[in-house]
Amino acid sequence: MSLGLSWVTAWVADTVKVVSDNRLHLIDLDREIGDGDHGENLDRGFTAVKAKFESLPSDSTPGEALKLVATTLISTVGGASGPLLGTAYLKGSQAIGDQAELDSDAVVAFLTAARDGVVLRGKAEVGDKTMIDAWTPAVDAATAAAADGKSPSEVLRAASDAAAAGAVSTEPLVARKGRASYLGERAVGHRDPGAESSSLIIAAAADAAASQEG
Amino acid sequence: MSLGLSWVTAWVADTVKVVSDNRLHLIDLDREIGDGDHGENLDRGFTAVKAKFESLPSDSTPGEALKLVATTLISTVGGASGPLLGTAYLKGSQAIGDQAELDSDAVVAFLTAARDGVVLRGKAEVGDKTMIDAWTPAVDAATAAAADGKSPSEVLRAASDAAAAGAVSTEPLVARKGRASYLGERAVGHRDPGAESSSLIIAAAADAAASQEG
Amino acid sequence: MKKLINDPKNVVDESVEGFGLAHPDIVSVTPDPLFVARASGAVSGKVAIVSGGGSGHEPLHAGFVGVGMLSAAVPGPVFTSPTPDPIVAATLAVDGGAGVLHIVKNYTGDVLNFETAADLADAEGVRVASVVVDDDVAVKDSLFTAGRRGVAGTVFVEKVAGAAAERGDDLDAVVAIATKANSVVRTMGVALAAGIVPHAGEPSFVLADDEIEIGIGIHGEPGRERIPLEPADAIVDRMLAPILEDLPFASGDRVLLFVNGMGGTPLVEQYIVYRHAAKVLAEKGIEVARTLVGNFATSLEMQGVSITVAKLDDELTELWDAPVETVALRWGR
Amino acid sequence: MKKLINDPKNVVDESVEGFGLAHPDIVSVTPDPLFVARASGAVSGKVAIVSGGGSGHEPLHAGFVGVGMLSAAVPGPVFTSPTPDPIVAATLAVDGGAGVLHIVKNYTGDVLNFETAADLADAEGVRVASVVVDDDVAVKDSLFTAGRRGVAGTVFVEKVAGAAAERGDDLDAVVAIATKANSVVRTMGVALAAGIVPHAGEPSFVLADDEIEIGIGIHGEPGRERIPLEPADAIVDRMLAPILEDLPFASGDRVLLFVNGMGGTPLVEQYIVYRHAAKVLAEKGIEVARTLVGNFATSLEMQGVSITVAKLDDELTELWDAPVETVALRWGR
């Protein structure tokens, strides 16, 4: 089965909840190697997205809905993560065009374009201790799953598992991008807050897709 | 007997010593109801006077010598006490003119003009909790002693005793002049540092006169 | 105490030396006796204006030396009046033959040393007049005190007197302007934390974490009352009330509203204070015609602000607006 | 935490509102989305310049809005980059048809939000160029960091770029000037005590009574090294060495020497720092041709200073000297 607008709205609702539930957790992670505002920033952003979605036209395409997420994050989050995540949603939404239903290839196209958008803006590579350490494994796993003929929901679950592992993988790293890069060796031993939040967001996408199937 | 230049130089030497010995005592008094610099100010001033006196011409009149004290205090002490004490010496020196030897009347004239100089500058009255509370009783006692036909040395001893009592008399007062006046009731119970130092200086004058006789 | 200084006893000399090195186009520093004069020297035929006092209030007064404001400033030791010698030297150096006005903040030490200096300069044939600034409404002006202190309002008096001298007013006229300016200016200060005098090494007073001191001067002297910390708007209300009652200021008045940082309070907070003060005045029908916000009469790194309100007439407005070219105030040129 | 504020979350809005109320002759404030533009509005045919970033660095940037410098400033939350919306709004508001230069301090958040804003403004048909300032020699510029931070040198870049725009340079020429200015300016900071972010309520870092942090930025980020307190002259030596080596500056160079207070350090100390810095440069044969001393790029009430040295050629000198009329810098008019 494919994923339509109802998946997007479910994803957004799940994300609002998971970000709010993890607000303090993300703040704590950011306090250790950044400036302690990441949870606050995302919570502010997704609260704004939730409000925007209340007046989303019911005949919107998934792409239109995801573009609304993009523009809202960009105009409310600020800091480094706002433009990065906003660009992810923006480029992802452009990649799926006006399709009303997304198949596995469309899901992969979305994730790939989203990741490429973050790289375009932030120039980070895997291993730089950023959200890319969650996104790139997610894209790779999704691509492989789609090539194996998996359903959109299975593709997102594969992405989500890989993103979670990717977030954990940032712990031993020295940061080469963002505020944490000024810390040098002192960043070692701490999980990157942006990788953690991206992993939570991708997990929410998988959860929402699973609930669509059930 | 009368008092000449050697009395002035002895007085200055005694004052230098007594001010230096009481530097911390005066600082403590000023810390309680002022800004804690009175001992420092006077010590700086009389140290400078001492240096100036090393090149005092030996044919100076007492008036010339006392004028040198005045100008040196004025140009080195600063704060409130510098111009006040400096003016005291200045007006006192003018009152005795070019007399080579000072009799009891000249001593009274010196003290009176000195006190008037402080009043001229500072506008304080007895009871305002200032150095005037030492000077005015000293002048009154000296005037009475001279009228009784006492020697210059006896006149200064009377002045000194009265000044000491005057300094003590400031303790229960609320201040109406100087920095301590901002404290209102909080100044009660503390001796005025300027009254204390003036009493010490007048005592040094009496001691120097006594040593001249001996 | 952590400070960017070398030997505490050289703080003033070194700082003023640095000031002279930094601004040779505007000022020249004479090291002994220490004073700061305009780089251009005495101006023949114009009244000169000299101010000074203890150091630690920068940019007051050296930062106001320059065309259109002070002719010279005499910095004493930190929070201690200078002796008459440097005041006399400055007075003689800047006299242009039309006499010299001393602008003196009302503290016993300052008043006495300037008075003595005036006598001495007078003896040298320079005509000297003095105006004592006492704008601080926190101190009761009565027989029971040394009178109101001179605080941030001094900046206003120095600016308008300087402009009057610049346009060629004679000494009596400049005195009249300075006197009028002092008569229409009122100030009230608040401290959140005291500064530290370098040679003392300890704060002049200690406030608890939730205490502020209302009615503070610029030497860390005790204020009117110590109260619990309140929102900025409430503090501003407390400060403005005695100012407005005092003159009194009334609906229809045009004023200068001057929020002065004490040194350690960021501009962000000063503008929050300004915002509410401006609103209160507007509600009362008092028109804010001119504005000054920033660190102008400081108390080392004291945290706090003062609010100054000065009633403007056409002449004072014109003199405030006149060109000025000093390190700390500069406009019109 | 004691601060003259009302609700911590209204600090920026109220402060900028106060700023607008205080200086209506120079700036106008648009509250939502929040930006500060010149009172005179867009200037037809001239390049406009927009800067911005987190608040808490006042007078940077709003204090530099005015003729001869910035066209608009966009203040974010304290120490947090603004989102693109107000940057776009400011960009569209000040565009006079000749394009807009964004001057951005090098922090990931600032760079990204300005980049996004530039794209969006571009989509609205406004030509936007960006110059990123990265003058802080304390951070290693390498593959292993987000690159040098933009700190006090930003004031220099904004001033000369503003002057270039004012004289009518086209967008490419203004970009070239700003790029050149950034390439010749170097800064190093020291902190004695951190400031307190209003919504955090605690200092960003804590230094012991005898410790200072060398190489600090303007957000209370960690510096290069934490060392025991030393005399001011020794600290200045430590700060100047990496600056002078870096460009490198050499005998015969003419420079701007800019001592910047971080907010909580009195001018007395800033001039003690200036004095020694000037002497060191003189000894090395480097001529201090221009000077700036004061609180220009602050970090709330952080105690500390930064030293900035910029190598001047004739053109940069002329642009530095050009008239400017902003709240924080004003000369020549």
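A, B, C and D are the chain letters, set down in written order, and residue numbers restart from 1 in every chain.
The rule is short, and it goes like this: a contact is a pair of C-beta atoms (placed from the backbone, for glycine too) under 8 Å apart; a residue touches a chain by one contact, two chains touch by 3 or more.
Just so it is clear, the model here is predicted, and its values are computed rather than measured.
Counting hops only between chains that touch, chain A reaches chain B in a minimum of 3. In the absence of chain D, chains linked through touching fall into A | B, C.
Farthest from chain D in terms of Cα centroid separation is B.
Centre to centre, using the average C-alpha position, chain C and chain D are separated by 29 Å. Annotation: 57 Å between the Cα-based centres of chain B and chain D.
Rounded to a whole number, the gap between the C-alpha centres of chain B and chain C is 33 angstrom.
Touching of two or more other chains is recorded for no residue of chain A.
With touch defined as above, chain C holds no residue shared between interfaces to two or more other chains.
If each chain is drawn as a node and touching chains are joined, the picture is a simple open line.
Every pair of chains that touch is listed here: A-D, B-C, C-D.
In the complex of the two chains, the chain D residues touching chain C come out as 2-7, 11-12, 14-19, 21-23, 55-56, 58-59, 63, 78, 190, 192-193, 195, 207, 209-210, 212, 229, 231-233, 235, 259, 263-276, 278, 291, 293, 295, 298, 300-301, 303-305, 330-333.
Per the touch definition, chain B reaches chain C in the complex via residues 35-37, 74-80, 82-84, 86-87, 121-122, 174, 176-179, 181-184, 186. Chain D meets chain A in the complex at residues 76-77, 79-85, 107-109, 112-113, 115-116, 139, 143-146, 149, 200, 217, 219, 221-222.
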